[in-house]
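Here come two complexes built around chain A, the first alongside chain B, the second alongside chain C.
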Partner chain A sequence: MIQTETAVGHGRTVALGLAAFVLLALAGLAMPKWLTFLLTMAAANGLVSLGIVGLMRGGVVPFGQGMMLALGGYAAALAFNKLGVTDALLLALGGGVVATLAAAPFAPLLSRYRGIFFAMLTLALSMVTYGLLMKLSALGGSDGFNLGRPTLFGQVLADAWVGYTLYVLTIALATVMALLARVYFDSTRGLVTLAVRENELRVEYLGGSVRQAMTINFILAAFCGGLGGALAVMSLGHVEPTFSFWTTSGEFVFVAILAGWQSVAAVFIASTVLEVVRSFSSAYFPNTWQLALGLFLLFVIRFLPKGIGSLWMRGSTR
Partner chain B sequence: MSLLLQAQGLGKRFGAVVAASDINISVHTGERVSLIGSNGAGKTTFVNMITGYMKPDQGRITLDGLDITPLAPRAITRLGVARSFQIPQLYGDLTVQDNMLVANACHDQKLSFWQPARRPEAIARAETLLERFGLAEHRERRVAELPGGVRKLLDIAMALTASPKLLLLDEPTSGVSADEKFPMMDTIMAALGQEAGTTVLFVEHDMDIVERHASRVIAFYAGRVIADDQPAIALATDDVRRYVTGELLQE
Partner chain C sequence: MAATLTILIDGLTYASWLFIVALGLTLVFGVLKILNIAHGSFYALGAYAAASFVGWTASMKWAPELSLVAMLLAAVAVAAIVAPLTERGLMRFFYGRDEVLLVLVTYAMFLIMEDVTKLVWGANPYYVSEPYSLFGNIDIGVQTYVGYDFALVALALIVGLAVWWGLNRTRSGKIVLAVIHSAEIAASMGVNVSRVYMGAFSVGIFLAALGGAFTAPMISVQPGVSVGVIIVSFAVVIIGGLGSIEGAAVGALIVGMARSLAVHVAPVTELFSVYVVMAIVLMFRPEGLFQRIQARKI
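Up next, the complex of A and B:
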């Protein structure tokens, strides 16, 4: 009976995820190009925030996840320009792998820290990366550099379809990662992460490893960040050091807080909200859009402290 | 009964305060040992040293002949030593059943990225223990909403999830009303009685409970063991009557 419920629970999640993907993919055919681009960026950036949410479930918030975005983005752009790798899927996955490899040596160190110390250490790492990218003329310095049009499964993408194809690829990967994240959050490891958030001492006295949980979550967040970075760079056609700047990281944290740690779908909804607010506010009141964003965040923290995901995850303690 | 736990020459100081001095204790499988003593006598320090929370300045501790003195709490837990806490260490935002599932997941050596925490065998194990401790009716309640006595029971039920060889209970009835103490301790001991081969060390201040549930008493005073015998004998010694129960002081 219980097994059936679990299977139905995951089956329902997968069905909903696939339905959302098909719906968005079909809707993309009728959307104006600016909207498919906006949703592509929302999904790519949402992946970065998904990694942050994974860490938030363990009680820490990184302020330097822009570094993962930059690492994934630069890796994809360099692979395209220097190695001749043009396949969009390979570039995206490669971005995730490079960010993971770059983050792995720091993960055991960071797993020892909590609260503001964890946040500041991740911020420091991202700002060091930013400084290096600014100074490295081989990587375009402060201007960054461009990359051309990727291919997909050996097919050259036509002018009319390149935006849509990247949009479908991005939401497809976002759907897969969202479903995997849901499975992980509901797994035994996922539950131990939630326990770490509340009481590390008891986790250790029950035989669990707090540091292992935090290390794994940091590495998974790096993969999500790198994947998102590569996807974003392919749609933008450009990469630059500001990806690793602290304000960029702040936007990902904003999305994660807006979403809350309970719902995976909420991360992508929150990311879309940010992109919409950013786009329209930049157009209609360009110098004060951060003000609107800040007020919105205050509203969410005051009335939905567990994020917008808590609206439909009410009653769930996990 | 085989030798399970052996503490040899344990010493621990906190500055000028001697928390443990030349502690030599052997515990055999299946024993119900009560640790008694006034506040600051060294009972909790002893428990903390066994579970790896504190390292002794001198001496060694063996479990089944294996030296566990340098090991971290997690490693000691995995060798079969579990504990409950004087102040229950629970997950207040989670439900009672989820707390049990956390305990089960932490104990799982092969933690999985895919295997659901709410899988049938984990829930069945959780339900068995919840039933045994009389907690089944609370399974869907958030722990933060529970009364103190129920939290105490849940704290112990979680420790028991791993079917430990040695269970240490730090003041299992503290903070519980006098009326509830006996039924609660009866529930705990009945539940433990169904765990084959679990040896229990419990810190307790109520001598009626000690006499009723312990097969052996170890009394501490100023970091030293002043009595180690069957309850009737240990509680009748002058040192215990003077420094623990205070009977001689009253006389």
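Up next, the complex of A and C:
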């Protein structure tokens, strides 16, 4: 792996990221409500998939990342209802922190696993979380529970603006995380992760710690997932155990595969594609949308094995 | 005492159909190195096909015993139709790719089949109750058990022994073992590896469909049955060790008993007891209880 991205390159990336954010935020003013909601969910879910991409760069795919979504979502909803924390930014960051703290004890353990064993262990953990959430009547059991309207920086959000405000907050946090992810991916540790994917033994011989890299990637993925979960729950106004079910995790993996591991922007584009496909097909072909999704996934794996990101990232990473 | 017996018998019944399904999963993994998420969909197909076939025998006013034959034929039909389509039409394009990527290919297949079953059979539940009363009731102590449950245990034993015998005592079984050991060397010795893949995949689908067909009388066959079965059978093969028949048997027993214990003793834990066991086994014996540790490839 040869890094050709330079500090100048990052300057350009930051400028592009900020420009994309400003454009989206301005465009949001003119968008119909359903579209801002769709993009909010795409950005929030994209954060979860961003964590998966971070792990995929090291060659492992978690099949239980829905657990992070659920942890972040439940943490934010509980903080809102029980602790009286209503600030959207605090709730979002709190969701990320709780998911991180909950995942951290498992990270050193998971860092020993590869391939399907990693996938299956993360899957088992998420299904245990799902089972617990289903049965805990204090948390609403299988129905989950609702949360009210958050505030932002002490301001009460008016009816007309609540959707837009959460949209801007979500894409702002997504932009920040995307830029940080790019910087991390191009850092020494980020490149060690890529090397792990190629050959673990060589990384160890060269003095890198494979397990340390994997542990940190898993913890970062948990933070991204928790953050995304809290943001999604605030826009939905509702949280339920299915967040942690394996099919939800499957959708995040779908987005990560569609995006590929090279480009960060691709993650959010792929997430938007999934949301668009989901909303349109469930409106027009409610019985065949999974069919369409499956065929699409097969197409991507067969013809774009490195994801849509490989379409424009060809030159920068070899 | 009676409670213990109930837990044991419930666990054994649950373990028996689970073993049949997991055996197919472990066989496909052993030969083709694919952890097949769509395996649950084949289970569901078997259950739906059994519902249709048993429905026909009932409408023809045939003897109720023939419904057992109908269920068997349903599983055969699913394997005969679906195996060539999926293996030749799809899976073979992805052989040799990364194991996790293959999991995703089967995930795509699962998504597709979820909707295909809905398109063919609709979203309403089917009930196949006729065969369930064929074996009468059996009284043990104060409890009454349904004879069908014990018949299922017998079926699981027969299937397990047949697969073991087929693999270890027949010529084609030896060929399969050779392919499991090294597909490349087997091919160079003149073995038609793609035919072995096709055969193993078909048997795997047949076992999934057989499990589905014979559990159909005990459940309501509706969308969503595949989703639960996949993960539980994953738990079985992970606990037992991927690619091992003995492992699938022991894994099924452990999962069956864990679930039955949870249902009768601590119902709150029913939904996740199985996954706790799976997580614990993965933590201490990542390769499963019956898998030899493999050397790491450089």
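By our rule, the second predicted complex is superposed on the first by the 311 of 318 C-alpha atoms of A that agree within 3 Å, B and C clash if a C-alpha of one lies under 4 Å from a C-alpha of the other, contacts with A are read in each partner's own complex, and residues count from 1 in each chain.
Assume a contact is a pair of C-beta atoms (placed from the backbone, for glycine too) under 8 Å apart; a residue touches a chain by one contact, two chains touch by 3 or more.
In this text the structure is predicted, and so the values were computed from the model without any measurement.
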Check your understanding: What is the contact status of A:Tyr167 with respect to chain B (first) and chain C (second): first, second, both, or neither?
Key -> neither
Practice item. Check whether A:Gly250 is in contact with chain B, with chain C, with both or with neither, and answer first, second, both or neither. Key: second
Review point. Where does A:Phe37 make contact in the superposed view: on chain B (first), on chain C (second), on both, or on neither?
Key: neither
Point to revise | Which superposed partner A:Glu204 touches (first chain B, second chain C, both, neither) | key: first
Practice item. Once the structures are superposed on A, label A:Ala195 by its partner contacts, choosing first (chain B), second (chain C), both or neither. Key: first
Practice item. With the two complexes superposed on chain A, say which partner A:Tyr184 touches: chain B (first), chain C (second), both, or neither. Key: first
Practice item. Identify the overlap between the chain B-contacting and the chain C-contacting residues of chain A. Key: 199, 201
Point to revise | Of chain B, residues touching chain A in the complex | key: 51, 72-74, 77-78, 82-83, 85, 89-95, 98, 101-108, 111-120, 122-123, 142, 158-159, 161-162
Point to revise | Interfacial residue positions of chain A with respect to chain C in the complex | key: 60-61, 63, 109, 112-113, 115-117, 119-121, 123-125, 127-128, 130-132, 134-135, 199, 201, 246-247, 250, 253-254, 257, 287-291, 293-295, 297-298, 301-302, 305
Review point. Okay, in this complex, where on chain A does chain B touch?
Key: 2-3, 6, 10, 183-184, 186-192, 194-195, 198-199, 201-209, 317-318
Check your understanding: What does chain C use to touch chain A in their complex?
Key -> 35, 90, 93-94, 99-101, 103-105, 107-112, 114-116, 118-119, 123, 227, 231, 234-235, 238, 242, 268-273, 275-276, 278-279, 282-283, 286-287, 296, 298
